[in-house]
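Take a look at this one; I'll ask things after.
Chains here go by letter, A, B, C and D, matching the order in which they are written, and residues are numbered from 1 within each.
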Amino acid sequence: MTLETFDTTFGLWIGALLTLCIFSFLYKDNPFYRFAEHLFVGVSAGYWLVYNYWNIVKPNLIDPLAARRWQYLLPLALGIFMLTRLCPKIGWLSRWPIAFMIGSGSGLMVITYLQSNFLEQIKSTLVPLDPSGQPWYVLANNLILLVGVVSGLVYFFFSKAHTGVTGGVARIGIVFLMVSFGASFGYTVMARISLLIGRLYFLLHKCAGFI
Amino acid sequence: MRREIPLIITFICGATMVVQFFIPHDPFDGMKAYFQNSYMVIAGFAMILGICNLTMLHLKKVRDKRPKWGYSIVLMAGLVGIAVPGFFFGGIEEKTLFDFIFQNALVPMQSTMFALLAFFVASASYRAFRARTVDAALLLVAGFLVMLGRVPLGDSLTWFMPEGFRMSDLANWIMAVPNTAGQRAIMMGAALGIVATSLRVILGIERSYLGGG
Amino acid sequence: MNFLLGIVGTCRGPVRTFLLALVLASMAGGLGFATPSSDLAPGPPVNPQVRDRPNDAGSAIEITWDASFDDTDGRGIVSSYSIFCSTEAMSGFVCIGTVGSGRKSYKYVDYKVEDGRRYFYKLVAQTGNGAFSGADVLGPVMSSAQWFYSNRLTMLVALIIVSASVLVFISRARSGKELYIRPIAGLQAVDEAVGRATEMGRPVLYIPGIMDMDDVQTIAGVAILGRVARKTAEYETPLSVPVSRSVVMSAAQETVKEAYWDMGKLEAYHPDMVRYITDDQFGFAAGVDGIMLREKPATIFFLGAFYAESLILAETGHSIGAIQIAGTAMTSQLPFFVTACDYTLIGEELFAAGAYLTEDPRLMGSLKGQDVVKGLAIAFIIVGSILELSGIHWLTKLLVVN
Amino acid sequence: MDSVPTKPRRSLVDRLKDIDRRVIFVFIAVAVIIPMVWPIGLSLKASPPSRALFREVESLPRGSVVLMAFDYDPATEIELGPMCLAFLKQCFRKGLKVVGLALWPQGAQLARASFSEAAKGYNVRYGVDYVNLGFKAGGIVVIDSLGKDFRESFPVDVDGRPLSDLPLMKKVKNFADIDFVMALSAGDPGLPFWIMIAQGRFGRKVGGGCTAVSAPMLYPYFPNQLVGLLGGMKGAAEYELLVGEKGPATRGMDAQSIAHAAIVFFIIIGNVFFFISKRKQKLMGARA
């Protein structure tokens, strides 16, 4: 057995054991799951720490600073301020980087959501209504879609009680929402089963050589 | 001042991000990338805090010999076991110890945890897909039809229908028309909620993240 | 050609033979007689234009043209186009780029220019054998930076409308005008859910999603955490907040601490109430599942941004018999929360939660402002659909934002 | 959390209605494992997009060059891997040459494994009948550069050998030398980009394979821009059927259909029990 095949075999066995440990959770909480869970949390936390350093902090901060690009001093300062939480006396400084992150995050969200999830959605509701060159049933579908979008929006009215006309339209909105939840759920079932088949294929084929 | 300065920072950063969208001119054109880069770096530094928190909690468990403290040792061993080779021995390239642990421990656990969903999807649908109310019935019927339409069985059950009106076509119709409508209404509503919340954050009206409402 | 073949397919007998012959003849014509020899110079690019590229930070000139007459189906002898550039009109042209043929119209952007300097361009079509078309000198042209994206005017208008209506109603609400807000079941249940945990003597588990603080859903989740923490402080119920991002941990610690301080229960606060698990999506799910099984919380809140872990968490929470209140704007995960949780805040309802729980007039005013925008959007959609159906498109064209 | 108040002695119907979820878990596990170990071979009919892809590849003359993109990762291998194997076997059997590349980082390794698995039993050699160019970051930009010269983005193959050392790559300069493009894609960058550039701009014939989740978004491209499409495990199983190589997807499809049927069955009995117990309650209410 060469070192490489030993590596592979050993690795497969670790993978198989941990896979079984996690699956044991389905029965109930037990020492095997607890072992895998703690290992999982520890290893993944370590993984992301290392990943963060090599893929974010080094290329996006250390390398540019080493190349004397001084505009990177600001993120460095903010990063260090973040760490002041470790000393309670000046811990309040950590609010600055948090404020920076929240501020720029919200600013970006205003723009992206207004554009792609609001204006673009209005547009994609309206554009397919152009009657030229479309069979009637496509147009009918697009009109149903329009009714669904409008009534769904009415459901989200907060300052109007759901009574009378508003209530009736909101009711139609709920129908669309419920159908959409059911459909998305049913649609995902198959993909989730594929994941399980993938894991079992790993266990039965690659590890046990069954099939 | 401890509260005012963060509010000013939030306002300046937020306003800059909004303004840069409309101005192609220097220096606004590079602003978005710079800010995003900066907060990635901040999050990178912050990870040290998270790791400290996790370590302290579990070290305390071990020190106080609290029930099941042995698992805390497993956790610490996992953390140190991948971080030390990742930082000092060979980095994160292929065929390093770091990569070995990633491929053979982390990836199988991630995919298995993900695969648990196959079971949970089944138990959730058994419980929730019941025609208790009109709403639940709608959920049930839509989900049921789409599920059947996704497998060959669905079409075989509707063999008597003309082509184009079988179960899979019905499922596709549900996905394309009522489902899209519902999703779109949620998206548009949520977008407004997000925009309004962001505006309140930028203007300092929503400040609970600084502590206090 | 396809059209003819289609006809052939539907005919039979002698008619079919005749038509087939016709098709073959026309094909031969296309191949043999109409194709010019490749040694000839190809026709030049049609309608070549140069201009400063609009809506940019400068240093870019855009060259556009339509296909040469020899770059069309059946006469495709043009293999590529070459672009030459110089700072003088008559001399010094250097090739700066080549573009492959086969399209109807073309665009090439020259990024190696200085703002405020005059440039001249030449554009030639060439064949695979190296024959060139003639070319006129294009230009002079200068690049410059602009101060406004002309194609984003619609966005600016939309932003002004949204901000104005939100801000107007906030200031109105501040001045003491009473506002009605319809009940939302999931939010009415918050008190009861915390109360239940108190009665049972079990903790409340609060998960503000798995995304970082730059996501507004997380901000909303942490804001609601502040309200829930006030209640747990009041009832002296244990609170546990596992998080998957370190910055969220810091912000959540501040929020919870402030809430306990406000309620005069600072001695009951402990920083370990908020604990970091791991940045890993499924590692976090595994850790939180473990917490659920061991701490057996009576009430679980999922408020923030969730991905595929949503159902793993919600099903485990259900299996231990907890009351679960979820809320997210992730459309792909809502179905799972709806099926597995007792109450679900759908999309915008998550962002409305702050207003319900605090009854802060400013937040209520903001909700009213959002409603006004929704009303405008509905009106716009109805008017727009009538226009579209009657074949008038200017309104939808306004919505294009790049 | 059920609306029915718990009675001291519960009837069978009530107990079945609130069945322990672990019973469901066992059924799902069995429904998946049994067909995987002993395939049933449920009848399957190839759908038009799969058949079209198969016919198109069959019609390629011997020696034609097929470009194959491995734009997926281990998470989606269970769906896309079997397609890849069936397709490669068809190519090798027909004497087609295959050039593999990846726009996803882990695709290069998957390509290596798939090539060596598919090559078993065929007289094919690396460098002559197939090559693996490895991974290149950049998505659409990489595809665009292939229109000019493969060497621009891929100066060497996955093992660092220069392309000039590979006999197959001597006759492949750019898209003009590619007869067919097959893109296996799990997301972005992926099939839409290949359609946009390879088909739209360079007029190559493009076929593809994708996950079940993204199939509805890609179906509209068929048949004008996409010659054929394999969607999810079902598409892979159909292709195995067409090629005549029953493989993992056929087993997987059996497992998937049965697990699906099991869930459908549970939903039905869940409702049946629910209605029976509701009627019983009503009757009891009437008596009281």
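Rule of thumb we're sticking to: a residue touches a chain if its C-beta (ideal position, glycine included) is under 8 Å from a C-beta of that chain, and two chains touch if they have at least 3 such contacts.
Because the structure is a prediction, the values reported are computed rather than measured.
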{"item": "Reference chain C; chain at largest CA-centroid distance", "value": "D"}
{"item": "Higher-contact pair (C-beta pairs counted), C-D versus B-C", "value": "B-C"}
{"item": "For chain C paired with chain D, centre-to-centre distance based on mean C-alpha positions, whole Å", "value": "27"}
{"item": "Distance from chain C to chain B - Cα centre to Cα centre, in angstrom", "value": "16"}
{"item": "Where chain A and chain B are represented by their mean Cα positions, the distance between them in whole Å", "value": "3"}
{"item": "Centre-of-Cα separation between chain D and chain B, whole angstrom", "value": "24"}
{"item": "Where chain D touches two or more other chains at once, by residue number", "value": "21, 25, 28, 32, 212, 256, 259-260, 263"}
{"item": "Junction residues of chain B, two or more chains touched", "value": "18, 21, 39, 42-43, 46-51, 54, 106-107, 109-111, 113-114, 116-119, 121, 123, 125, 127, 129, 139-140, 143-144, 147, 150-151, 175-176, 183, 186-190, 192, 194-195, 197-199, 201, 209-210"}
{"item": "Touching two or more other chains - residue numbers and ranges from chain A", "value": "22, 25-26, 34, 36-38, 40-41, 43-45, 47-48, 52, 82, 85, 95, 97-98, 101-102, 104-106, 108-111, 114, 118, 122, 125, 146, 149, 153, 156, 177, 180-182, 184-185, 187-190, 193, 195-196, 198"}
{"item": "Chain contact topology (line, ring, star, complete or other)", "value": "complete"}
{"item": "Complex interface listing, chain D residues touching chain A", "value": "22, 25, 28, 32-33, 36-37, 77-79, 211-213, 232-233, 248, 251-252, 255-256, 259-260, 263"}
{"item": "Chain B-facing residues of chain A, complex", "value": "7, 10-12, 14-16, 18-19, 22-23, 25-26, 34-54, 56-57, 60-61, 71, 74-76, 78-80, 82-83, 85-86, 92, 95-111, 113-114, 117-118, 121-122, 124-125, 141, 144-149, 151-153, 155-156, 173-190, 192-193, 195-196, 198-199, 202"}
{"item": "Residue numbers on chain D that touch chain C, as the complex places them", "value": "1, 21, 147-148, 201-203"}
{"item": "Of all residues in chain B, those that touch chain D in their complex", "value": "107, 111, 114, 118-119, 121-123, 125-127, 129-132, 140, 143-144, 147-148, 150-153, 172, 175-176"}
{"item": "Of all residues in chain A, those that touch chain C in their complex", "value": "22, 25, 29, 33-34, 36-38, 40-41, 43-45, 47-48, 52, 82, 85, 94-95, 97-98, 101-102, 104-106, 108-111, 114-115, 118-120, 122-123, 125-127, 129-132, 143, 146, 149-150, 153-154, 156-162, 177, 180-182, 184-185, 188"}
